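To start, the structure under review is shown below, and the notes come after it.
Naming follows writing order (A, B, C, D and E), and every chain is counted from residue 1.
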């Protein structure tokens, strides 16, 4: 295990929230694979920077219009390798067909469920596209699972998740949960990005045993009053909102997503604040690969400079 | 592996899109079986010409009225053998009962799911009629699976597909995906033949690991404005539309279907344009076997003459 | 294999459609059991005469009011034995409890799925009541499976059928498919007895690999215009309608059912016409066992006299 | 199926013994794969010419001293490809590591058991090195199994063989049996090459259901009197000895092996005589690859010229 | 994949024998894990330096008398970590109980079979102590299997190996074979270290599909005349002997073992010569951990300096 370095000057007290691999009670297989992700690749300092490329399933090819070369999956593999990401996250097909020259160089988080956005999200459910055993066979270092928190089909979701979680335990495979509030009921209670919804999602994923939880930063909206008490009256700002959901995630590590493309400065701000509030890292997709390769690499380097100040 | 021949005079720059077997990362079983399909039968030049006969399930016997002898499945087997197709695609019953004298001569793509068109397509789902293990037992060289992209039952479809895909990987069996946009939600977003729908279908099948993807050529319609942005404002013509979806399919090979019967010249045009834009081949059914045998063989030969100009 | 006898004087040209066991490509187990059914019992001439007794499940005991002794399942077993039927078709309970003294004398076609007619048929689905393994264990010579063609639950049906079909292949057990159009969508397209529906049913069962297909004779009705093109304008009569669906069944043998009780002469006419048009035999239940035993045996003998003129 | 060509001038009456694929009762999978071996590769006339490379296990690398380049397994794959053999026969490692560029071009007979010759042969037993399922996964067209006929460990051998044979039936995989008399008891009854031993081996493999049997040509020796009656007094010469064991193999096809290296003329004589007496082909290893590539290719061509005169 | 660096000045022509990961046909899982072993840990140049600690099972604790601290398994884990070895090789207990703080830092080759040396080696057989699934669960990057080539129990060994090899293929786990000639028959044919025996062992392990083969350097002895022809008359020296067995291993990588402790200079000589002749690396145990930690680390560094001159 990499020795814990001195806390850097920037670390606020809240960073104490952040789980450190050496302190967690984990099986040897999960420990080995998490160590690889956290300390043997990319930043190598215990902080994660992950490049996801599953938007082709979730949103369709329309996400590639902003930067046409990004439609070729090799683009993201190359960006992950050249940019020195800790891992890439994708579905089985993009791993099986494009991974050969990156095998062992770029760790793989195999995304194992997905859905298109063609039908409505009212009863969102994300079906398996691969198994944990597929992840073992590919040499992946983790699997990613989307849990639609609060969906009317949560029972199907939780039963499907159970099989995944047990297989992860069997094989020592770390489990990264995309904890996404979704569905008609959530929309009536403040919406998917409300702090109520994100906080609930963090807790559900934590209680279900996620090793790492991917969250969206909670957002205020004019639907906030529809949230259940006391969230409907909660005072919070960006920092404290992030801190709250990180706290809720407990000993599960937290990654924050970038969402749709924003300006460089906004993205760096999101990176800084989430890290200051105890995040273990970032998972930025469209914000990276919707740019030309040289811009994407330059921005990656700026983000990594920032992340180097948050070792664990 | 057949040596890559010189690019023929007709090959446009866009043909560079086309995946070549020797360059792909495949298991030995898939490589062996794809080599048989591409280089040991039919055209023997890396280009596929497939004869499908699953319309009896999908549409019912009404497709045979145009050419009554075609109702006897032996008709299609004989056409495939005499016409020198690379493969025939059919369900288990038509293989089990009619294949004996063609076994090993006409490669089999076992179509392993299907449905009748009696109920509505709103929540289309195509159930298994055979397994990958059946395909192995018959000595088939690939399986065909219909994926109804965007259907409200996409979760059932993806889970069923997962078992098929894993079995294909287990046994080294190539997987051909009939990627068909279908269902009530697609119809509200431009329809099943819109470029939005076909492009999404190509991407989903690719991310799910199809070795070969069967697509329909996208078609403009008066519902185009209902497509999601930016598809609703996309400028495209026949050539660029085909090119777009071939690009989206990435390292999966693409076959284009003929659809319902059209004139000889229209069919040859479709063949030429799709091949120029990077298709790996054609899968023409009704356009072939809805003609008397001598006409079908003559048209087959004209198509093959054209395809001989597109080796890979 | 019984030598193919000379074509009898009555055989019309259309009888050439009829599949002959010796010409079919079958596993040895299927060949052995079909030979027993076709040539070692009953008519012993390649023509089948089957007595079904599954109406107690499908319709309830009300079918037995016409002839109260028929409620005792021994009645049908005795009729099958005394009448020299090629086989009896029943569910597991009637085999398990009544077969002892007929075991080996009266071949068993174990009917392995069923349903009551208490709920509506709109989404008809017939659930397993026994397995192919049960049929092996009982020494049955075939299994019978009801496929509800065009039902909104066709996916459940096809998946259940798949397991049955694979088990039949595994154990060499002939598979007789009761191919029944059914459900709300069929009713909107001409109805379950329309020639569109019966023809589609014959084709589906054939593509799914049925060894023998049980069909109802198609019937004209005032809903014929609702059939899809070109069926809605098709010219046909009793003979050509039967011939059409027999042709559609291809190398699967066809049995025609008697349906509800009709006059002797109508029944004999049905028998004659269906045999002349290529049927392999008859499966007459209520028309037989709704009569007193002596009448039933006498009518049986008349039918058999007719069937002796159609050897294969 | 390739049409049976006219019997060539050289064919003797005894060639009528030779089984022809089209006449055999085989599952579709076996038929497909045997058709590929017999009619789609190499000689393409129903006659087999197989290149084996399993001597590295059976004898050790000492077999490679005669032609050092032959130690590289690529040598044999290249010879099989360039020489146009119908198939190569080797163990899993040599397929898995060297087959990539020959996949689908050179059919594979996966040899699935073996032993070193370090311990004595007194109780010879050849253990599995791969499974029939491995053969399916690699896309092989047959498996090869060594049966040590008459060995004191015949029970272990036959039980192991049973699992292989059933798996071959399950998957439609042709089974080639290296039928080798071996062990202390055989040595006391005339020895492994006696006509008694070879004839017994042919019958055992045939009764156990081998599709193809690899035999050594029987040889006279001074131990012939030790053979059981009436073999100890049998009058036979080279031709009639070969004919006898081919007859004994019944509907199993027979391949004769070349054994250790002999002169070109002796090898051609063996080829001619065995073919005249009903052999389906040859499996010559050391006689081919113990020569420099140009010599091996030239001799291959001479053998093939001869084999072209024996179509089936 | 790491780019192939320029051949260093020391590389002789014979180094061309050495397999390079990028050129091999491997599954993605094996490629990923081998890449980690070869390029992401230890020397990071494609050359392996492995520390084995299985002598406690194979020889008993007597091997620890020379350096008592070495009896504590933590000693070897610490040496592997501090010395920067590419991997440690040990049995399940030493991994399960001592790996926690090294998980992900020191790659694990899980040794999965073993035996004591208490009974004689005449019929040597090494039984499983763990499964490939255990290796997956621990996050190991390879398994190690001892194959006793030529042992009278070779059949038990090969059957046990088959299950291991298939599991390795299933899970993408590299397979390192300790190819050891052993048993009464080998001792009569020149002995376990004869060039005949080592060469045969290399070939058997290669044909059985080993990814990496661990060999002992062949040794001349007064039993050399007992070797089979032509080994009994073979002219060879240390260099050419090593080269011969490396050649025999083909596309399997070769590791040479250090054996019992020798002088520093002898060990360095062995390292240099084996690397010059095409070895992929070294597996030195007693020669390292039978020394005090500082000496062991110093010698490790000298060996690594040498190995840095042999990148691949």
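One rule holds in what follows: a residue touches a chain if its C-beta (ideal position, glycine included) is under 8 Å from a C-beta of that chain, and two chains touch if they have at least 3 such contacts.
Quick caveat: nothing in here was measured; it's all calculated off a predicted structure.
Chains that touch both chain A and chain D: B, E. Just one of A-E, A-B or B-D has an interface built like that of B-C, with over half of its contact pairs in common by residue number: A-B. With every chain reduced to the mean of its CA atoms, the largest distance from chain E is reached by C. Distance from the centre of chain D peaks at A, each centre being the average of the chain's Cα atoms.
In whole angstrom, the spacing between the mean C-alpha positions of chain B and chain D is 40. Centroid to centroid, with C-alpha atoms defining each point, chain D and chain E lie 36 Å apart.
Spacing of chain B relative to chain E, judged by their CA centroids, is 49 angstrom. Annotation for chain E: residues touching 2 or more other chains are 25, 27-28. Across the interface of their complex, chain E is touched by residues 1, 22, 27-36, 39-41, 95-96, 99-101, 103-105, 108, 136-139, 170-172 of chain A. Every residue of chain D that touches chain E in the complex is listed here, in rising order: 54, 56-57, 60-62, 65, 71-73, 90-94, 96-100, 114-116, 118-120, 125-131, 134, 156.
Contact residues of chain C toward chain B in the complex are 24-25, 149-152, 154-159, 162, 165-166, 181, 183-186, 189, 196, 199-200, 202-204, 206-210, 228-231, 247-248, 250-252.
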